[in-house]
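Just passing along the structure, written as structure tokens.
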Amino acid sequence: MILSVRDLAVTRGGLAILEGVSFDLAAGEALVLRGPNGIGKTTLLRSVAGLQPPEQGTVTGAEDQIAYAGHSDGLKAMLSVTENLRFWASVFGLTDIESALVAFDLTELRSRMAGALSAGQKRRLGLARLMVTGRPIWVLDEPTVSLDAASVALFAEAVRTHLQQGGSALMATHIDLGLEEARVLDLTPFKAAPRARQMDEAFL
Amino acid sequence: MILSVRDLAVTRGGLAILEGVSFDLAAGEALVLRGPNGIGKTTLLRSVAGLQPPEQGTVTGAEDQIAYAGHSDGLKAMLSVTENLRFWASVFGLTDIESALVAFDLTELRSRMAGALSAGQKRRLGLARLMVTGRPIWVLDEPTVSLDAASVALFAEAVRTHLQQGGSALMATHIDLGLEEARVLDLTPFKAAPRARQMDEAFL
Amino acid sequence: MMPDLGKYAFAVLSSYGVTIVLLSVIVLASVRRARKVRAALDEIENRRGK
Amino acid sequence: MRALLIRDLMLAIRAGGGFGLGLAFFLIVTVLVPFGVGPQTELLSRIAPGILWIGALLACLLSLDRILALDWEDGSLDLLATAPLPMEGIVTIKALAHWITTGLPLVLAAPVLGVLLSLPIPAYQWVVISLAVGTPALSVIGTFGAALTVGIKRGGLLMSLLVLPLYVPTLIFGAEVARRGAEGLTVQSPLLLLAGISFGVMALLPFASAAVLRINLR
Amino acid sequence: MRALLIRDLMLAIRAGGGFGLGLAFFLIVTVLVPFGVGPQTELLSRIAPGILWIGALLACLLSLDRILALDWEDGSLDLLATAPLPMEGIVTIKALAHWITTGLPLVLAAPVLGVLLSLPIPAYQWVVISLAVGTPALSVIGTFGAALTVGIKRGGLLMSLLVLPLYVPTLIFGAEVARRGAEGLTVQSPLLLLAGISFGVMALLPFASAAVLRINLR
Amino acid sequence: MSLWEYANPVKFIRTTDKVLPWVWTLAGLCLVSGLVWGFFFTPNDFRQGSTVKIIYIHVPSALMAINAWLMMLVASLIWIVRRHHVSALAARAAAPVGAAMTVIALATGAFWGQPMWGTWWAWDPRLTSFLILFLFYLGYMALWEAIEDDDTAADLTSILCLVGSVFAILSRYAVNFWNQGLHQGATLSLDKEENISDVFWFPLLVCIAGFVLLFIALVFLRTQTEIRARRTRALLAREGQA
């Protein structure tokens, strides 16, 4: 199980953002994307997750392998913590949510409505969702935003377990994730030269 | 100009969260609130900003002195960066937005719609808003979420300037703000013993 | 010159009036936008040419 | 205050919603009615004044949740509450912005849509006058409803239910003016009552709305 | 798929919106009509079948933006798109959930509200039958509109504008069935046509909706 | 040489630039002569009086309103199947023209209806389906405006155009079923025997030609404009602005 990205170029709002990005992600490996605000981490991750077609280049091995977690958590304020988790579990055909609750220390909050959680608790719930997807590749956009030190450690622990089970993780962040073993890829060199998108080239 | 909080107790969703919180904030001073997720930082800040009446205790010196920035930025996706800022400036009776744009490195993005900014760029705009309020006390809830290192430095710089001009700042955060000189207050010891709210006591 | 429109003058004249106005509006709007866009494009192409 | 008004108008035009929404909805209702009740001119012209009023009222009702809910969701309302504006001013401006973006276009569009419903000729002027006098009341009452339900998760529904009974008097007198106008009867007394409601509501309700909003924000 | 349906139903009931909203709006329209057009029984019973249909249609129209917009805003739609569900399935389930929470209650409520409008006795059964056959088409067409406008800032307005003309055939045949029923005429041919529209739309439109949603998500 | 070459934007602009002056001139000539002929030099109808003169604008605009939508449908299909940018842009360019034609047909119809039927508006099948067509135009244009990304907008509007066309036909049928007509039948159809006399017929033909030519000219011009706007954006993007 290898995710391999070759010569990827992505656009946003009609502008080229990144180009020539290539990397591989083997089983058991974690890769952290870094780069200043607005360099295009979110856009790249969305392309890898298949939410946005890349302008150029290829992403192989991603099809139906990816669990994506973006800036927003996809939680329903009026469903309880367990109901939120259980829904996502059954979408992915799984049933066990206990281990995810335990891993992110949500057992005490289990019957609380998601709307009544604090910022960090919401985030923990959003991350717990990853564990009930059963997908091998986690694609995470700033996963530890709003988390305190203890929760960051929980997160790091969860990622490590996932890696040991043969999963892999691709993450964008600005802050420490507590994962020293992760490879780091700085996106700054891949900033696209100003140019039009391919689809506009007919007009040049 | 001193903000002084005495024996404050706050509630959320009918439960006591924090109690016995007291601190002073002098001109030129910065105070950082810390504590694990869900301890009640957001709730405390909202009480100080006057958005939520405290259950007990007093907040003095806050009336019309506070610029508040919470978890969400109060930006309108369909207004441009300058339009968003200019609106808040004129609400507070000011007109100059240039220095705020410069301080948070938004000059290049000035005519972009706020909805088309990246997460960190949105956050910068949310923080730039503080500078156009002209208010002396900044009350900030996790201000550096999603910011890269350079932007955190910009933020620290802006806070420092604000302090030098006699302002003060009260901030909640889990991560480094780049402000070594700030006093830190850990909220963990103030966690309220499980009890009902005062107003519920009549029923006990 | 003017034909005798009888009691229907209002209907006929306003029909022609509305039509002429609307056609002129759409034509003028199209032409004006064409000019503006063309000018903008020319400016960029010339700047690039230099 | 002016800044707030300008921003709200700008948002209404740019982000859609406000400006077009009410008008579009008004159009939708009037166009659908003939499909529903059938194309007979005589029937249509009998119900036309009432339908126009109901259409205008529904259009107002629907655009209410934009008055405050959007500002609540993105946190602007918290910030506005800590800004140096009196809450009464904020709700008045919000109601004014709502009227300009919803009520006024409705008044102007009513005669055109009247054609589709074969509104009787003498009724045109009275429909317009009654709407012009009545829609400000709808906006102000609506702002009160929006303030009551801001921040509540099932806000939209609850608001419609709360506002509906408050709208009834305005609707009754407004439609009465239009209907009497259509039949060539004297309209003086319902028109006076309608104006009375409008002014009374404009003078008093903003205080209630501001109080309610303050409670809701904490 | 079942999980999605159950979640949507649960949300509709709990977060209000879906479930109550349509019904409340239906109620509002029917209650307002007598205030607007006046209380004469004979007039009301003539327009009753049409008004019931229009009320049902508006109630559907209004609840449409909950079908997809909420899931878009909080990021659930992105996550669903990466989940192992076919997009056609997602939109079908969404339409089904919308029908269960909006269309079905409307069908059940129509006879009760018919009383308020003095609906003629023979019309009751036909109003219910025509709504039962027609509302699924409204939900499916509405899902197409919602998919078309998801993520657009001025979505709500645009969606109403886009969906309205698509609703016209359903409304015409549906109201025709109800009206003929009220007059005791034969209803066979409009009813067959209505059923034809419903089935055609259910069979074909989900593909268009899924295609459109995929385009919008990228 | 295939027809598809004209789907290249540059080629399209070059070709239409050559043709456009001619089309404009012809359109102007036909329109002016047709309308002047119709307005000044035709007799009044014995039944309808001078209102027959309205036919010279009402019928051509009604024809073009429908044909514009057909053209958009074809262009949308071409975009979906072959992904030629020019055809998507041509569809976009045609919509406002079609909408204007619809408004003209509606307005002249209303002015005509007042003396003839004693009412500005009646829920006659043909009138009603025209109103629905107008709503389709509005929705289509609004959708184009609302979406920022050009190709996404092209994709979505094409699908809307396809679905809309099906529903437009359905509506037409539904409306016919729903209400009996008040409006004229098809007097122009060739297979029927002549039921409109030559005095009215010839100026009408000239006017129809004028409207068709005007439509072509406008669509060419507006498509060029869209292409240029798109090119401007592409160039700006290449320089890293916008």
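A, B, C, D, E and F label the chains in the order they appear, each numbered from 1.
Heads up, the rule we're going with is that a residue touches a chain if its C-beta (ideal position, glycine included) is under 8 Å from a C-beta of that chain, and two chains touch if they have at least 3 such contacts.
Owing to the predicted nature of the structure, the values given are computational and were not obtained by experimental measurement.
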Chain E and chain B - chains in contact with each: A, D
Most extensive contact between chains (C-beta pair count): D-E
Superposition of chain A upon chain B: rotation angle, C-alpha, nearest 5 degrees: 180
Distance between chain centroids, defined by C-alpha means - chain A, chain B (Å): 28
Geometric centre distance via CA averages, chain F-chain E, whole Å: 32
Separation of chain C from chain D, taking each centre as the mean of its C-alpha atoms, in whole Å: 37
In chain D, residues with contacts to at least two other chains: 15-16, 31, 35, 38, 153
Multi-chain contact sites of chain F, meaning residues that touch two or more partners: 135, 146, 178, 231, 235, 239
Per-residue overlap in chain A, given as positions that touch at least 2 other chains: 13, 71, 77-78
Of all residues in chain E, those that touch chain D in their complex: 15-17, 20-21, 24-25, 28-29, 31-33, 35-38, 43, 46-47, 49-51, 53-54, 57-58, 61-62, 153-158, 160-161, 164, 167-168, 171-172, 175, 179
Complex contact set, residues of chain A against chain B: 13, 35-38, 42, 71, 116-121, 124, 142, 145-151, 174-175
Residues of chain F touching chain C in the complex: 35, 39-40, 44, 49-51, 53-54, 57-58, 61, 96-97, 100, 103-104, 107-108, 111-112, 114-115, 214, 218, 221-222, 224-225, 228-229, 231-232, 235-236, 239
Residue numbers on chain F that touch chain D, as the complex places them: 110, 119-123, 128, 131, 135, 146, 178-179
Residues on chain D engaged by chain F in the complex (per definition of touch): 16, 31, 34-35, 38-39, 41, 115-116, 118
